[in-house]
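Worksheet: one structure, shown below.
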Amino acid sequence: MAKKTKKIAVYPGSFDPPTDGHLNIIERGAKLFDEVVVAIAVNSSKKPLLTIQERLDTLKVLLKKHRNVRLDFFENKLLVHYAREKKATAILRGLRTVQDYEYEFQMALANKQLAPEIETVFMMTDSGLSHLSSSLVKEILSLGGSGKNLVPPLVEKIVHQKFKK
Amino acid sequence: MAKKTKKIAVYPGSFDPPTDGHLNIIERGAKLFDEVVVAIAVNSSKKPLLTIQERLDTLKVLLKKHRNVRLDFFENKLLVHYAREKKATAILRGLRTVQDYEYEFQMALANKQLAPEIETVFMMTDSGLSHLSSSLVKEILSLGGSGKNLVPPLVEKIVHQKFKK
Amino acid sequence: MAKKTKKIAVYPGSFDPPTDGHLNIIERGAKLFDEVVVAIAVNSSKKPLLTIQERLDTLKVLLKKHRNVRLDFFENKLLVHYAREKKATAILRGLRTVQDYEYEFQMALANKQLAPEIETVFMMTDSGLSHLSSSLVKEILSLGGSGKNLVPPLVEKIVHQKFKK
Amino acid sequence: MAKKTKKIAVYPGSFDPPTDGHLNIIERGAKLFDEVVVAIAVNSSKKPLLTIQERLDTLKVLLKKHRNVRLDFFENKLLVHYAREKKATAILRGLRTVQDYEYEFQMALANKQLAPEIETVFMMTDSGLSHLSSSLVKEILSLGGSGKNLVPPLVEKIVHQKFKK
Amino acid sequence: MAKKTKKIAVYPGSFDPPTDGHLNIIERGAKLFDEVVVAIAVNSSKKPLLTIQERLDTLKVLLKKHRNVRLDFFENKLLVHYAREKKATAILRGLRTVQDYEYEFQMALANKQLAPEIETVFMMTDSGLSHLSSSLVKEILSLGGSGKNLVPPLVEKIVHQKFKK
Amino acid sequence: MAKKTKKIAVYPGSFDPPTDGHLNIIERGAKLFDEVVVAIAVNSSKKPLLTIQERLDTLKVLLKKHRNVRLDFFENKLLVHYAREKKATAILRGLRTVQDYEYEFQMALANKQLAPEIETVFMMTDSGLSHLSSSLVKEILSLGGSGKNLVPPLVEKIVHQKFKK
């Protein structure tokens, strides 16, 4: 039962901004897979708060302690096609709410048909506040709320600077 | 980034009887982990349809094609304590419905507290009929319905014999 | 586009007891189909509050104003097999809650495989209190609560007599 | 119990584009009702992918095998008012997910008040991939994914041409 | 067990327009708390149907019969910060659907962290049609549907005038 | 706007055993109401783990720090009838999951009809582990799991003694 192939998981997201919830999933995913590729999905039709470069720079700092986590981004392609290029075994997703569940279920079905060799695996976010969506976190920070337990201090600082402009 | 530890997942269930849905999760889980331990959870307070021995015998036949799947059972202990004994990295669970989701979410939270080193990972069952619960499958078979797409022919035969008695 | 076949729907349930919610679905279903067969599903493993005869007698009175509604019961067979015998085009079901939805979705999938020619159609119960399940209704009546808006007066009377014994 | 009135159902949607899921509901609905009116709801505030004419042309081809299915569109009026004009007995809707369920439940309640004589009936989409929403289908096709099991080949061709422009 | 502090609840919303569902919650909340502050949340990024002034004027008329209900609005601040300024004990929210539940659950968690001294309490809307969201109500009114059981006659008149323009 | 009537809330439950989740709701409810009556609902048809006396004794110790919390039990009557006897303004309930939500929604509707003057108010349990149901807590303790963050140490001790017998 020797293990030969490296098990790679892609963890996609917009990470606009990265939250404590994202970091929690990455940390736990890094224990399950030989390599986790944190992949920023660039969506040109949405106006982001942070530029791609800002998200890459921030995540680079936040993820440097994980030896088997890599950082990347992809654009104008289906997630499963990107995952296939990366020779991923799995797509890693966090589940927070029932609404997430429904959307993720649809996506998992579609991805299974588009790339049957890639599995989607889910982990449930485990602390109360990592349940919060990026958009709710942004709203709180934009109105002067504290980012404690929501985002890392580095992210709180960058986002607050954005909103001051 | 050398990989040292074998990644073991425990896939627990009552498997009374094993369904096509169970086998689908096991097959896909076997691609993600170095080893999957299919673990029959013996619940002495419920009266099962199949004995432990019948479930072990049936699963043994059904799983023999998977080189990295092992079969076991446990009793009178918490799943996480069993998983810890097996040096498991993860507990593998199938998600079918929103009701599953709620229950599994509670269990994942509880397990995280009881054994923080073990992760719970979820896969969604992927074909329409593997959505069906063991109890619904039993009800259909008990009333003379066909087991096609619900259970392997071997299981259908055994269950029908049970109900004839 | 002449219509030749009579469109028959089976509306199954335990009707233990029949509630205002059941009657609401029957009344509305009778406008959609040429004939609605109200079919008491006899479940020998559950101890009912009302006997089959009591349920038949009560429903007979309650349904007599509907010209295209028939009353029947079935036992020890799958619903879809019963519906096929009745040459039903459809099985009619009421949806009240998300939990209903999940169960009904599983059943509809299973029934579709077992009898592909029979469709399951759903109507949502439309008044606030017809949301209540038979078991909640029974609990309320057993503790001396009023059956107003929950069950027809005839049913309230019979159920109260049962609980007095 | 002579049947006099023709039972007509309106099946509304934006059909932008029509999917395999829509066609599945139409085909099954055509067995339940004497006539099904597939009604494109024109929403002038959303920018569609396909023009009304393109949707009408495509659906015309896809539906020609059904003798009791008619094609139509409506604009600037409530669905129930449109259904009343068509002398419809029912509005036909497909249910895919719990989120659908919630929205549809609200709509069914509102429609019941606005036109008490018209019933809303639901059918659950029955194959795995017909669960996918039109917007997810559009996203997959726009990023070069295959439309297999998602849309008819005719629709895949038209949508791919749109995205090439 | 002498009571010293006045129990104040803030009931926030966009009230664009106020619906029968809102008024139902306010009326019932006024029985629970010593004072209810109905607080219009001004969201400068959304284009409202009614101006702030129109909403204040309408609500003033609709709420004048309640002696312990006050009317206010807030802008560019977090709800919990506003509630703290008002020395509120609680934030009052109506729950209609499971989707509401999920969103409200996230908000309640976030608010608890941002202002631990303020509780969020929920009441379920109790009549069938008060389930309808403001946006669905707007859509119905904009297409000429009746506002009966949806909004007070005063609101129906104002909204119809808006859509005539 | 002088306050005259004392606002009393009944917090019903089986408390078999009392969990950290129950205590969290009681503590927060005590800040909202002038008096909270913690009311053990005695259900003679279920075999409890703890006797009524044990539950009363345990809760008495756990609640003694709250000056405006009283302890009581009721049997063979509807909750709303009990609440009416206590002159309660409200019934207080904790919401943990969507499944809770559905059940509670049904109960709130029924209670509203049976005693329109009594409101049901909900608070969401706020820490991750207080999400766990009494039955899951019992299962964990019965299999030797730690009660940390699940139940007070006093409860853990009593429950462990029960299972040793």
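So that you can tell them apart, the chains are marked A, B, C, D, E and F in the order they are listed, and the count of residues begins at 1 in each.
Going forward, a contact is a pair of C-beta atoms (placed from the backbone, for glycine too) under 8 Å apart; a residue touches a chain by one contact, two chains touch by 3 or more.
Remember, predicted model here, so these are calculated numbers, not experimental data.
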Worksheet item: Counting one step for each move to a touching chain, how far apart are subunit C and subunit F?
Response: 1
Worksheet item: If subunit B and subunit C share one sequence, what is the angle of the rotation that overlays their CA atoms, in steps of 5 degrees?
Response: 120
Worksheet entry | Equivalent interface to C-D, taken from A-B, C-F or B-C so that over half of the residue contact pairs match | A-B
Discussion item. If you average the CA coordinates per chain, which chain's centre is most distant from that of subunit D?
Written reply: F
Discussion item. Could you work out how far the Cα centre of subunit E sits from that of subunit F, in whole Å?
Written reply: 29
Worksheet item: Whole-Å distance, subunit A centre to subunit F centre, using C-alpha means?
Response: 39
Worksheet item: For subunit D and subunit E, what's the span in angstrom between their mean Cα positions?
Response: 35
Discussion item. Two-or-more-chain contact residues of subunit E, please, as numbers and ranges.
Written reply: 98-99, 102, 105, 109, 126, 128
Worksheet entry | subunit E-touching residues of subunit D, taken from the complex the two chains share | 76-78, 80-81, 98-99, 102, 105-107, 109-110, 113-114
Worksheet entry | Residues of subunit C defined as touching subunit F within the complex | 97-99, 128-129, 131-133, 136, 140, 143-146, 148-150
Worksheet item: If you look only at subunit D, which of its residues touch subunit C in the complex?
Response: 1, 3, 6-7, 28, 31-32, 34-35, 67-68, 89-90, 95, 98, 101-102, 104-105, 108-109, 112, 119-124, 126
